[in-house]
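Per-chain residue numbering starts at 1, and chain names A, B, C and D are given in the order in which the chains are listed.
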Amino acid sequence: MIANLPFIAVAVVALIGIVVILTRQNLVKMVMGLSLVEAAVNLFLVSLGYRNGGIAPIFTSAPAGEMVMPTVQAMTLTNIVIGIATTALLLSFVMLVYRKYGSADAGVMRRLKE
Amino acid sequence: MIEIFSLSTGTGSWNPVVWLIALAVAFIVVLIIWATGERSYRREGGAAAPFLSGNAEPEKGEVQIRAGNLYWGFTEALSGYYKHLVPLHTGILNDYVLWFLGTMATIILVLAVVR
Amino acid sequence: MIPEIIIRNAPALLIAVPMLAAFITPVIVRAGNGVMKAWALLATAATAAIAAIVAWQVLDFGTIVYTFGAAAPGLAVPLDSGGIPVRIIFTIDAMSAFMGIIATISAFAVCLYAVASEGRQTGQEIFFALLLLLEVGILGMVSTGDLFNFFVFLEINSIAGAALVSYRIRGGLSVEAAMKYGFISTLGGLIVLTAIGLLYGQYGALNMAMVASRMQFTMLDGIALAMLVAALAMKSGAVPMHFWTPDAYGLAPASVTAFLVVASQASLYGVFRIVFTLYGGIVQSLDWTTVGWIVIVLGVLSMFVGVTMAIPQHDVKRLMAYHAVSQTGYMLLGVGVGIALLGTSSFDTYGIVAMEGGIFHIFNHAMYKGLLFLTAGAIIYRTGTSDLNRMGGLGHSMKWTMLFFGIGALAIAGIPPFNGFASKLMIYESVYLFNPLLAVIAMVVSILTLASFVKVFHAMFMGPRLPEFAEVREVPAPMLLGMGLLAVIVVFFGVFPEQVVAGLVEPAARALADQGAYIASVLGGA
Amino acid sequence: MMTKIVRAAAGILFPFVLIFGFYIVAHGHLTPGGGFQGGAVIATGIVLLIAAFGAGEIGRRIGPGALKGSEALGLLLFIGTAAAAFGFGGTFFSNWLANGGAVFGNIVAFGPNPGDLNTGGVIPLMNLAVGIEVLGALSVIVLLMLKGVGEEAE
């Protein structure tokens, strides 16, 4: 049960993010929901690499013992970098939409339809 | 020679080169028939002007049929279908996400849960 | 003739050349706009040449494995790694090489076109840098053999694509389209990453060949497969996840749209690669047919909904965007039939033909759809409107554009002797043997496509010269050259389909279907 | 522009933030951290200055041009280091400096050890390149977005 806690947290955070994306029409809040989903994915990846009692995978002055998986941590880091790029891009879009449409609402941002 | 250029589709084959030659032959036949036609036909003198029950011919720009009027009958006949389909394209981002996640959930159900 | 170092490192250069060119573009623009454009053209031409070298190597000597950071390209599995390929590995088989050729040809034609069509914009260095980055994303997606690397290139693809869609603001409309595209593709990317995490958690590897060889087909694998297929099908614009497609395609600059088509096809390649290579081991089970039917259903829905939504449209690019959705359906249908039949005795008789048709259609679609979007861009460039109701009589002043549009329109409708007919014929005949109803739907869709393009042709080019377009002239030469290149390919592939199918498409289909060879090329016959 | 206390404190803190950032970049191959994290720390320092002195003032002093230049320089350095491997007969990204005895060329001791800065081959070089790129890119994002918000407020 305890070992599964991180994964439960992943599910909770991802669900909150998805519910925010689906129910809020404010574009800034939708981007926040996306960031929540991203955080959940990052947490998921890091939890995957955890070994019970493992130490940080740094060879400098490392004590003997099991190490946690470093690959997932590298993946998480890459995803954080990508997440910064996408969030910055999406927020700039929100700013431009707000400036041109006078509102940052998904219900207003629907001139393209049908 | 012919086999090199023909695309075999398992049940048949398709040869664009032969098709093109046939097209050229047909074109030549048409040209010959056309050339045997009446040579004394004159365009001037009102022979080629449209006759609209004696009314004057309207300006060209007015009789141009714009795109919106084409296939009116088609969309009208299928209006029951379009009535349901078109409103689905709401243009609201939340709906886009909902459709995406809904489809994904369906595929997960079919592939992983039901088996 | 070609230096050995280039041949040896060609897979890496495929990514390195456009990436380096993209990073230099903002610097080189200080020497002048003309120099920068020449630089971008040179870079895309060089990339096309490298893709040709890669394809030649693959077709002659089999799958190339290129290990980044190793002492030699072929050292996929280091001796001290315990038999696990730890490095990022590019695995380029015939299918990847095929997609690489599509992407680089299209990139070159688009770049040639954009040199003139974007000539009136500011910030052109950003445009060309992003175009080159989008090419990097596409080429990376199609050549990588590493799941996480695939995700990274997918994100490069999404970010560069979304930024390019918003390149012209157009009163916020383009930004709206880019926002929708960027948002939903980011969500799709995260779902892909979650699925990759699920696979990594079970098998402790990211290399596709390694994961495929260890695949156990647990329930988690099924969930991962569903997530990957759904997210990548969304990125390729399959109904009912297509809503972003008309927005993004319709509002992006025409040159970008023509290239976004290829970007979507890279995601389509992702679907096929995941299903065949990663999950190809479950061929015998009942699940496998379900996978095939899911792809077929997505394909049929895309074909039908796409074309019926296209008919009432009056914005020329939005109409074409719905057709792009519809044509994607053909590829999904063809390859879906191949998936459903893989491993059965029918696969070698008509399953493979369906797959070849679907894969050939990817190439044809990239060429004629790119051509159509470019002609639409040419019309908009001169008339300033994309509304079909306000056009008319342009055939008098834009004869070359009319010719190119005609070629593209006949090709997309599957009229002989253009290339669309060849691939559609292969799909019809083989799908008819699989399930006659599907083939009938495919033909009806093709007829509706023709009807729709007759309407567009009439609205844009026919009729008397209209007074408001009296000043309209033909577009500049680089734009015509870009369109002409694609038109020549459309005609050439239509007249000599057998050569292309035997030379490029069939190896690609065989490579995709042969999971064992893919695994063996990386893991060394283990 | 904030109060004098904030400005003075930012001025004192800024060098320390810079040093910490460069420490993270330089030790990227030995300890947690690396180019991205170090660059982000340095960019945080610049954001600190922006918060204290206002985007207009800092934008005039540093300028988006210089930051974009550092972004391009970092990217070129990164790809250049990777591509230089072709000249040494290796593959793209292969480590042509490691264990060479020269710059960053010491051989890594086996087993747990206190760490030697002069190891790692091209990895420290790439960390440096990424650090230069990230500090430029993140600062320029913040500067340009603040500029957009400023236009909004007017």
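Criterion: contacts are C-beta pairs under 8 Å (C-beta built on N, C-alpha and C of every residue); 3 or more make two chains touch, one makes a residue touch a chain.
Because the structure is predicted, anything quoted here is derived from the model rather than measured.
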| item | value |
| --- | --- |
| Pair joined by the larger number of C-beta contacts - A-C, A-B | A-C |
| Separation of mean Cα positions, subunit C and subunit A [Å, integer] | 28 |
| Between subunit B and subunit A, distance of the C-alpha-averaged centres to the nearest whole Å | 46 |
| Euclidean distance of C-alpha centroids - subunit B vs subunit C, Å | 24 |
| Junction residues of subunit C, two or more chains touched | 179-180, 183, 187, 246-247 |
| Interface hub residues of subunit A, defined as touching at least two other chains | 21, 27, 30, 99, 109, 111-112 |
| Topology of the chain contact graph, where touching chains are joined (line, ring, star, complete, other) | other |
| Interfacial residue positions of subunit A with respect to subunit B in the complex | 18, 21-25, 27, 30, 106-107, 109-114 |
| Subunit D residues touching subunit C - in the complex, by the definition given at the top | 68, 72, 75-76, 79, 82-83, 86, 90-95 |
| For the subunit B and subunit A complex, residues of the former touching the latter | 86-87, 89-94, 97-98, 101 |
| Subunit C-touching residues of subunit B, taken from the complex the two chains share | 4-12, 14, 16-17, 19-20, 23, 60-61, 64-68, 70-71, 74-75, 78, 81-82, 85-86, 89, 91, 93, 95-97, 99-100, 103-104, 107-108, 110-113, 115 |
| Partner subunit C, residues of subunit A touching it in the complex | 21, 27, 30-31, 34, 37-38, 41, 44-45, 48, 71-72, 75, 78-79, 82, 85-86, 89-90, 93-94, 96-97, 99-101, 109, 111-112 |
